[in-house]
Amino acid sequence: MDLTYTPEQQAFRAEVRAWLDVHVPSEPLEHFDATREGFEAHREWEKTLKSGDWGMVTWPKEYGGRGVDLIQWLIFEEEYYRAGAPGRVNQNGIFLLGPTLMEFGTHEQKVRFLPKMASGEEIWAQAWSEPMAGSDLAGVRSTAVLDGDEYVLNGHKIWSSRAVFADWAFGLFRAPGSERHQGMSLIFFPLDAPGVTVNAIKKINGHVGFAEIFLEDVRVPAFNRLGDEGQGWHICMATAGFERGLMLRSPARYQVAASKLADLWEQHKDAADPALEAEVVRAFMNAEAYALNIYQTASRLMAGAKIGPEASTNKIFWSELDIHLMETALAILGPKAELTQEAPDAYPYDWIDDYIFALAGPIYAGSNEIQRNIIAERMLGLPRK
Amino acid sequence: MDLTYTPEQQAFRAEVRAWLDVHVPSEPLEHFDATREGFEAHREWEKTLKSGDWGMVTWPKEYGGRGVDLIQWLIFEEEYYRAGAPGRVNQNGIFLLGPTLMEFGTHEQKVRFLPKMASGEEIWAQAWSEPMAGSDLAGVRSTAVLDGDEYVLNGHKIWSSRAVFADWAFGLFRAPGSERHQGMSLIFFPLDAPGVTVNAIKKINGHVGFAEIFLEDVRVPAFNRLGDEGQGWHICMATAGFERGLMLRSPARYQVAASKLADLWEQHKDAADPALEAEVVRAFMNAEAYALNIYQTASRLMAGAKIGPEASTNKIFWSELDIHLMETALAILGPKAELTQEAPDAYPYDWIDDYIFALAGPIYAGSNEIQRNIIAERMLGLPRK
Amino acid sequence: MDFTLNDEQRMFAETAQTLFADTCTPDHWRKQMETGEARDDARWQAIVETGFTLLLLPEAVGGLGLTELDFALIAEQAGYVALPEPLVESAGVAAPMLASLAPDHEALSDPSATIAIQHPSNPFVLDADLAAAILLHKDGEAYLATPDQVTLTREQSIDPFRRLFRVDWDPAKATALGKVDWDLALDRAALFCAAQGLGLAQRAVDMAVSYAQERQQFGKAIGTYQAVKHHLASAQVAIEFARPVVVAAAADIGNCDVQARARVSHAKLVALEAAEKAARASIQVHGAMGYSWEVDVHLFLKRALALTQNWGTPNFHRSRIATRMFTQPTGPDQTFARETENA
Amino acid sequence: MDFTLNDEQRMFAETAQTLFADTCTPDHWRKQMETGEARDDARWQAIVETGFTLLLLPEAVGGLGLTELDFALIAEQAGYVALPEPLVESAGVAAPMLASLAPDHEALSDPSATIAIQHPSNPFVLDADLAAAILLHKDGEAYLATPDQVTLTREQSIDPFRRLFRVDWDPAKATALGKVDWDLALDRAALFCAAQGLGLAQRAVDMAVSYAQERQQFGKAIGTYQAVKHHLASAQVAIEFARPVVVAAAADIGNCDVQARARVSHAKLVALEAAEKAARASIQVHGAMGYSWEVDVHLFLKRALALTQNWGTPNFHRSRIATRMFTQPTGPDQTFARETENA
């Protein structure tokens, strides 16, 4: 137990900070989901990051990463959020598909996909959900039929993040006639392939946030299947573990937000409900607790532990702390809370927009109801039926 | 819509208040669950009430009641709690069995049981639950076998309130071999009958609060069956409606508690967390809202409406407001909150004991989980399966 | 003591319900959002014809002379459809205030005209640009101006139907109306916010119930899951214990005493808490659908958020209840007590 | 940066777990409640033999010279069994304080002796009657007395194992020990309250899980119901996000700066909130069983309630966190920052 940074860790922090000081755009970029321009500006930022070797810091060097350990990753994230650097348009690649490819992909697949993912040349969308397969992902109905050395894909995906402007997507497709967890394969497809139609879906803040994807006789090489045929569910569960676990939600994000909330409180406290101070303190505590939990998990993983169902507790905790934090901000703002601002990229200063964003937390990446089931069944050992 | 009392209602209030001023014992009685002496003192109080014709104010006059309407009942309860009058040892009779007997009993049964219930001569315990039948009352296993003109009762009842010192109990018994909601009958038995063994169960405050009842070849006349053989479930559901509904929890109880909480706050606020004032106000609001809801329900029932599944919302609301109120008191008391006092009868000044009592609220009379199911299914129309 | 609505009141509520159900459907919302039109003229015409804009005005100025309770029933129905037009603020708050100050003012003679109100408790004015007249405040005095006599700056609300304006004005260019009871305006507005909150809440629950009955996951309707049931049951409990407070506040408001003000504040707090709780539960039950613009449940959350903070913040209203608690007797015999009897 | 326990620490915790599991079972609780005995002598002897009473004392006075983190692991296990004896207050708080003031005091020479402590933040003293010595406070100074030198009045706690005493005493009849760091005593006590809170919470969840696996209603184990699952899952989430705070607070406490104090306060708040939440959930899951004296889950709720309010109220601890927030830098690079580096 040693809660101080080593000199090497301190040096690493200084290096990150110095690089970001120079390179982070002084004006926030337009949001990557809002317009093609915003998306491309973020792609450029990914390329800038890559140029400094800061693109995929946790990836092994052989795949275009920096190969840092988890504590260094946390330090990097702390500095990244602290600097107000742009959101990661390549998040699906960095945290979801990248690790999955490294675990399940062939050498040829890794060589084909990972470097362009790392460079920002190819930006990935996820395509998990379908209209009848939300929380129940085994309800996927889209199909893949092998025809020679090509798959023919048909179906309808929805709630795909980044899909409006991204280059590639990955999703589950099943052999016709297969049921539930059997017969599904994880397959990549280019979003500009013939037969692919992408429609934007607006989030409740009115901004584009997702897309639905229609696939009509879309042909992709069999090479684009990750893992064995029918292994899709197994791979998907591994990916969901990455999604719920350490990687997706950096504690730094909430620590920055908690600091901004404290500033907001100091500005408004003379006019606001004095009882709200307790909520501001609570928001700080929550962000700290989340950071400490993640440091603890990182230490354990570095000592050889595997991430287990306790990852579901993370999902619940960050999604609830985020809503609480934003609610507190709105309460402090009082009758001006309802005002919107121009959609910014930097996090966070548009409290109402961040509140709306936070409301998605308990829904996506496995609803909190599903997470509580997982905790009860796999962590506590309560019976499934 | 007229939210003022009529002159007659005002006169009724004055009459109640004047009588209670004279008759309410100046010293609190020992609790009726604590000792035989406490129980008998409360029986005496029931007789005193009866002597003033205040025993069963809502019962029709023919059964020993006063025949007042629901608004008068509310006024009576307001004055009763305001005066700090003793708890009602006869509650099971007044609010549960009495109304059930009036609806389902024969003339002979009413004549036999109601007057002695009204006079306090016979105090009743309920005997609903069994070790394997809590929330799931259809899981009852105790049996009743007709032998000539007597029933032979066998089984094991638990969580019976008042049973340690009471005279009679009522419970569900099933025909051997019958299942679930079929074949159950509601039967009365004297608690001193041969074959009845009563063991006290301590509540978590250490006081006696319930009993378990073992029945071994207990013989009672067939006359003691309420309604038809096998009609027990139907009658029991009607009784549960009385239990959850208007009658069991008087708003006055919480309004008195909220006033005492306000006093507690004024005494301690200089040393306590200022944010607790919002909770004190909330407790007052909750008690007011509960009272207004009950007045609304009373008006509707007097206008001919029937009580429906919205009674389940009452159960949830009063049980949660009670816990919130007591929690707030403990928070105000700080490190002295853990101190107990001599078990008093008058309500409420032993905050920790009342807190402990409040914790039973979401459990008994149909757990709040069951109540939420009822609201969702019967009030909102969500599917059962 | 009688806590029931009379037949006329029930009919009013039903009329409003039917009118709004026909004229303020999801299709109407979407069309209005797409076109950016401030008002649906056909709907507004129907509202005017039904007499809702005249309901609270005295008969002497051509109004119906009805009560806040009657209007609250309309406001609840307006909440149920997240009504875009400023019926509540104009006909429920501003017009009665103007009638009390200048009963002969021409803006009151046209039942289809709206009146906007700038109130000390709100930073912005709703639909100020389309109003026939704007009531303004300065040092406790009321003034009146037309939109072209003031400077209006549009502010964007998260609620697509709340058209907010900052109003800059010069008293020299407005008509002074003298001292006015700004507290009564706040009480009325808070009461009608509460009534709208009930409607917002019930609609959010109803939408979630419909969705949960239909939506299948893991081979059954999601409404069969206890987690879904309990989310919605808890929201319904909040509604059931807000409604009688709103009704009592509406019946009491004319007393203008500390108890009446506390009850209005209580109503506003709990009805809008119920609305937020119900809307949040509804979004959660809808899953990703609830988070998309297409499913209109977000409208109810946004309106609830806005109404919660306008016409007195929760802290303001809580402090009015504290004043009632700590300056007047409390207890079970005080539920319907009046200040004059107990002070 | 390393957030893992070492092997020795893990062994300590396991030793405590085994010892308490063997010597502090439900049968032991019930026997002790029935007889009213203050201590289970066999259990206390086993505790003493394992060295737990010496753990925090400096080696110079015959102690083990270990750290608050090591002791916190023992305290967590003590919470898991709602330990009746005052191990935590005596060996975790009072004895180290006495050792800092009077290292040669004879009360420190007997490892089975307990030392009681009267602290400004608490109205009463635990197990004062059985203590070899009682640390007393007056105007910031510490005094020492034996039980027969003071007047003890027993006060009844809702927790059957918390034996509280009001202590009235005369400085003339006690030994003055001079100025002392009462804040350090409070920090240690608050930290160990937090550690106990983790144990209390986990036990409450574990008991409910066992019950829910077995108890059948409506033809299936109640643990299959989503409402039961979600009650317990929420409690477990609270535990998972309290534990790292407790561990970090234990590792930090020696720094005695504003950050360390805030972290101790954070740990106490959230660990005892988790304990109360878990105990409440456990009682609810147990149904009527949970409300009966026979099912011991009530012990965990009562201990949690008592520890929540002693050694600093929630408001006190929250205000220490506010001080850290508003006087020191915050942000993602400040998680492990120290006052001297950033003030």
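As written, the chain order gives the labels A, B, C and D, with residue 1 at the start of each chain.
Here is the rule we go by: contacts are C-beta pairs under 8 Å (C-beta built on N, C-alpha and C of every residue); 3 or more make two chains touch, one makes a residue touch a chain.
On a predicted model such as this, the values are computed, not experimentally measured, just so you know.
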Contact-richer chain pair [B-D vs B-C]: B-C
Farthest chain relative to chain B (centres taken as mean CA coordinates): A
Between chain C and chain D, centroid-to-centroid distance (C-alpha), Å: 51
Chain centre separation in whole Å, for chain C relative to chain B (CA means): 39
Residues of chain A touching at least two other chains: 275, 277-278, 369, 372
For chain C, residues contacting two or more additional chains: 225-228, 230, 318
Residue ranges of chain A in contact with chain C within the complex: 129, 132, 134-136, 139, 158-159, 201-206, 209-210, 272-273, 275, 330-331, 333-340, 352, 356, 359-360, 362-364, 367-369, 372
List of chain D residues in touch with chain A within their complex: 1-6, 9, 69, 205, 209, 212-213, 220-221, 223-224, 226, 228-230, 232-234, 236-237, 240-245, 247-248, 251-252, 263, 266, 269-270, 318, 321-322, 325-326, 330-336
Contacting residues of chain B [partner chain C, same complex]: 1-6, 9, 13, 71, 77-79, 81-82, 251-252, 255-256, 258-259, 262, 266, 277-278, 280-281, 284-286, 288-293, 295-296, 298-300, 303, 310, 313, 316-317, 369, 371-373, 375-377, 379-385
Touching residues on chain D, where the partner in the complex is chain C: 225-227, 230
Chain B partner contacts - residues on chain D that touch it in the complex: 121-124, 155-160, 162, 164, 216-218, 225, 227-228, 280, 283-284, 287-288, 290-294, 298, 301-302, 305-306, 309-310, 313-315, 318
